[in-house]
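In the two assemblies presented below, chain A is common to both, partnered first by chain B and then by chain C.
What follows is the complex of A and B.
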């Protein structure tokens, strides 16, 4: 291995352990630590409006969900057209509890980390159930299974009185050391919670992917018969991939419900599932960094589209429903264009930049 | 008993339309192994084009019906040419994703037209009186719709079974390499399969539009209800799509006729097909008529 663990010009791995390190060089680790500190510190230094904070919170929540979607679609190669429904399962676990025991019950306001884990667990349970056809079938049918789960979920929420028929179910304000989180600090507080969760989950997934359980996902994606011959159970691995994705989605759902202080069906529709897919594809399927690039890129694009709509409605006849038209149009275009011209997503640009810097001043 | 017969009758009406939309879906899947998630949007487009031609341009219904089939013929063919042709040989995931993206794009385009935000309904082309079949009744529009649907299904099946192009399509679905070696242009067949699926979708859209009126949400839902239909019938079986379409129509009518309003349930017709779909995937994944895929290493 290279003697210098700060600057490595090229790869000098001489043992598998070197290759599997979470950070290849000390410099990487230092940059990561600095970046993380910056993310945690900057809201304290600047005055950020609630509106902008909400955008950031949204991006972070989407990141949690996309880490899961990326695991199932990117690493395990199984399309999930119902990811919003899994997020919804998490949110509605919390909402249903809030509806039964009251939205300001001590369990919901004080034990919220436990609640988030509970949402994740419920998501994992549903994920595993929807993944069950994987024991007999290939990805194509699984995509249909997730789609039908999405439809069943939407019906359940929309028609059962238990879930308030899709109307918002409210959830109380949470407590932190030093009392209730006030309206002013609400988005601020959840920024930190979501950021912590994203960091922890990101590291956890990085760790998972270098372990046996993570690599079995990739093996099953690449060739499930070969994986079978090497002693993995392809079907069970797929079910487990869905359960993992469900867990992440469930936690994201719980976060979403706490963040908006309620759960309503409009955040968990088929349209939203497609948005999640767009995020995963734009970020880069099968890469961990893709799970962070995608939501950020799509949310920013979303904001731009909203600005454009505002600008257009001023000069266009008012009877056109531009907002509902332009969003699907741009997301669809983004999905199709990325798939045709850059199937590896933004993460690939990032990789190219990194390898350029890494090898500098040499070209290769 | 009358109630039962009435449900059977309306189930057949709805089911025959499902059969026609399922047929187009199966055509694409059978020849090119692409899961076309944007099928509902093509159905909606067919309906809207028919409406625009008949009501705004005052073209007789039967002519505009065929014109809209022609338009979607070329629309679907160009979709295949522009988006899917370059993905031949790519992993199946990206192909499905592209159709998802396509669905989103077509959604956006439709929302840009007035059809996205307003509901229209066709003027009455047929007498408003109803026909009595035994104790049950059926309207003229529905009757004509069912007849046209079955004629079209018959024509499509005949085309697929007997004509040279149809035979080459079946050959491609059986073995691409072998069919190339006997001089069949596989890309051309893919394009034709899409084009014919587009035609059948437009026909289905026109008929639905006449029976239920033009609401984008409802038409859009037809593209998703296609999934339970084709899974029940078997993804690659045309007969399966037709039989399963009618079964699904009957199930939906019975569900809304007998289940709704009991035990606080509502709108069961919208969810039952998907529950059935999940159950079929668990226990009989190849459906009623689908071929079992046997993998050999």
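What follows is the complex of A and C.
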């Protein structure tokens, strides 16, 4: 590596270890650190309403889920139409425990980081199980398997008294070093937890993707005959991809349950699975940053449409139907537009911006 | 080093016999060619050896190992690598990533190390990256290291195929028409690579090739297939004189 580690231009690597760095220059590292600090500090500097904080929490939780979905669908190329159900598995792991041992049991209120990992573990187990058909099936057939899991999940939750037949099962307030997290601080607290998880998982997955465990995912997507010839078991690799996605979904589910202080079926329906797919597509399938762009973009769009609907109903109350139809319509339109014009998602715009800046002051 | 023994292998697709009672011995350290007209069963033979097809009857052994029912990932981990006739690369990846994938089994750090990517993981990646670089050097792929494979010319893609198979560090390398569709210059390069693979890298080579000039020049042993049957075998000069072989080839024209 040459002397100036601040700019990319004019630099070259002289050891393979140098090339392994996530941040090639000090400048990249500094920008990333500043950005992270800003994310952690800003809620302390500005007055944020709980409502807005909830929106952010939601986005962060969705990011955790989409990191998982992106691994299985984007990187490993296996369409999953049941991702919300895996998130549900995480949430209901916690809910079921709360129902059995009481919603304010120490385990739930104090050992919540452990609980979140447990939710992830359960998600991974279910993911691996649902992924088993990958040993035999391919493409659409496999997608159908995930869809049936979604259906079975909804059915099970809705009909079994054990799960309160889909009605909300409540979960107690958690404790932090300062004692119980109060109503006022609740959303701020989970903002920090979710943000930390997103950052840690983001870096971990970034590492995973440049290791043998990440490359094998892309290998079975690109050409599973060749993957086989390279010594990978294509079927097992796919099962592993589903387990991995299940883990992230499970953690997201646990977070969701804590955030809303309960779990109910309406957050884990087929429609939510499709929303997750939309987030992954809009963000950019098969890119890590896509998992961050997608949820943010879709949730913000969601809010805008809600505002528009409100405004429309105010000026023409007779046209209620038009207004309610607007949401799925915009939604569908955005997905189709992205698939047609930018299948690589918002992440691609980000990539273009970055490479432009990186090469500065040269054009190419 | 191990020899590969194919005994009485028959491969049937319904009523069609792609291979019938074929016997071959691939001796360690040599270049053995399998030739024959189109549809003779050459690719089917390689598919049986590498585990993509399983013979209907017969057995295939590599040293002590029985390959007859093994799957491709097992066969490749036992030291038999293959380059495909119809290029089967990871098209969306760079040349480098394609070759790194061939090191999958050689990298044995744990999943948790991969997450942290320090110590073992990072060290092994660097060591294997150096090995990949050696192969890139050997196959003269330096200019394409970071190119996406799908965008490279056909001839270069063929070369990447061979490079990727070599990256598996095989004892036995199966090459399915590595020179097909190449111009004279690329062909000469490939011939040189094949010879170097045998001599410098001490790898046994099985070559399936239509260019008889090349085959006669570089093979130590030749097997001739026609309609799934072995119709001749021997040293190049013996095969060239064999009336049955000449007939099969003239019959084709």
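Just so it is clear, the second predicted complex is superposed on the first by the 343 of 364 C-alpha atoms of A that agree within 3 Å, B and C clash if a C-alpha of one lies under 4 Å from a C-alpha of the other, contacts with A are read in each partner's own complex, and residues count from 1 in each chain.
In the analysis below, a residue touches a chain if its C-beta (ideal position, glycine included) is under 8 Å from a C-beta of that chain, and two chains touch if they have at least 3 such contacts.
Given the structure is predicted, the values throughout are model-derived calculations rather than measurements.
> A:311 contacts which: chain B (first), chain C (second), both, neither?
Neither partner.
> After lining up the shared chain so the two structures overlap, which partner does A:155 touch, if you call chain B first and chain C second: first, second, both or neither?
Only chain B is touched by A:155; chain C is not.
> Touch check for A:225: first (chain B), second (chain C), both, or neither?
The answer is both, since A:225 touches chain B and chain C.
> Once the structures are superposed on A, label A:214 by its partner contacts, choosing first (chain B), second (chain C), both or neither.
Second partner only.
> Kindly classify A:349 by the partners it touches after superposition: chain B alone (first), chain C alone (second), both, or neither?
neither
> Looking at the overlay, does A:339 come into contact with chain B only (first), chain C only (second), both, or neither?
In the superposition, A:339 contacts chain B only.
> By the touch definition at the top of the document, which applies to A:136: first (chain B), second (chain C), both, or neither?
A:136: touches chain B, not chain C.
> For A:233, is the partner it touches chain B (first), chain C (second), both, or none of the two (neither)?
Once the two structures are laid over each other on A, A:233 reaches chain C alone.
> Looking at A:81, would you say it contacts chain B, chain C, both, or neither? Reply first, second, both or neither.
first
> For chain A, give the residues common to its interface with chain B and its interface with chain C.
In the superposed arrangement, which is not itself an observed complex, chain A uses residues 225 for both chain B and chain C.
> In their complex, what parts of chain C are in touch with chain A?
50-52, 71-73, 76-77, 81-82, 84, 88-93, 97, 100-105, 107, 109, 111, 113-117, 121-122, 125-126, 129-130, 133, 164, 168
> Given the complex with chain B, which residues does chain A contribute to the contact?
73, 77, 79, 81, 130, 132-133, 136-137, 139-141, 143-145, 147-149, 151-152, 155-156, 158-161, 225, 270, 274, 277-278, 281, 285, 319-322, 324-336, 339-340, 343
> Which residues, counting only chain A, touch chain C once they are in their complex?
Residues of chain A touching chain C: 15-17, 19-20, 204, 207-208, 210-216, 218-219, 222-223, 225-234.
> Going by the contact rule set out above, which residues of chain B touch chain A in the complex?
Counting only chain B, the residues touching chain A are 35, 37, 83, 86-87, 90-94, 96-98, 100-109, 111-112, 114, 116-117, 224, 227-228, 231, 235, 264-267, 270-271, 274-275, 277-278, 281-282, 285, 295, 297.
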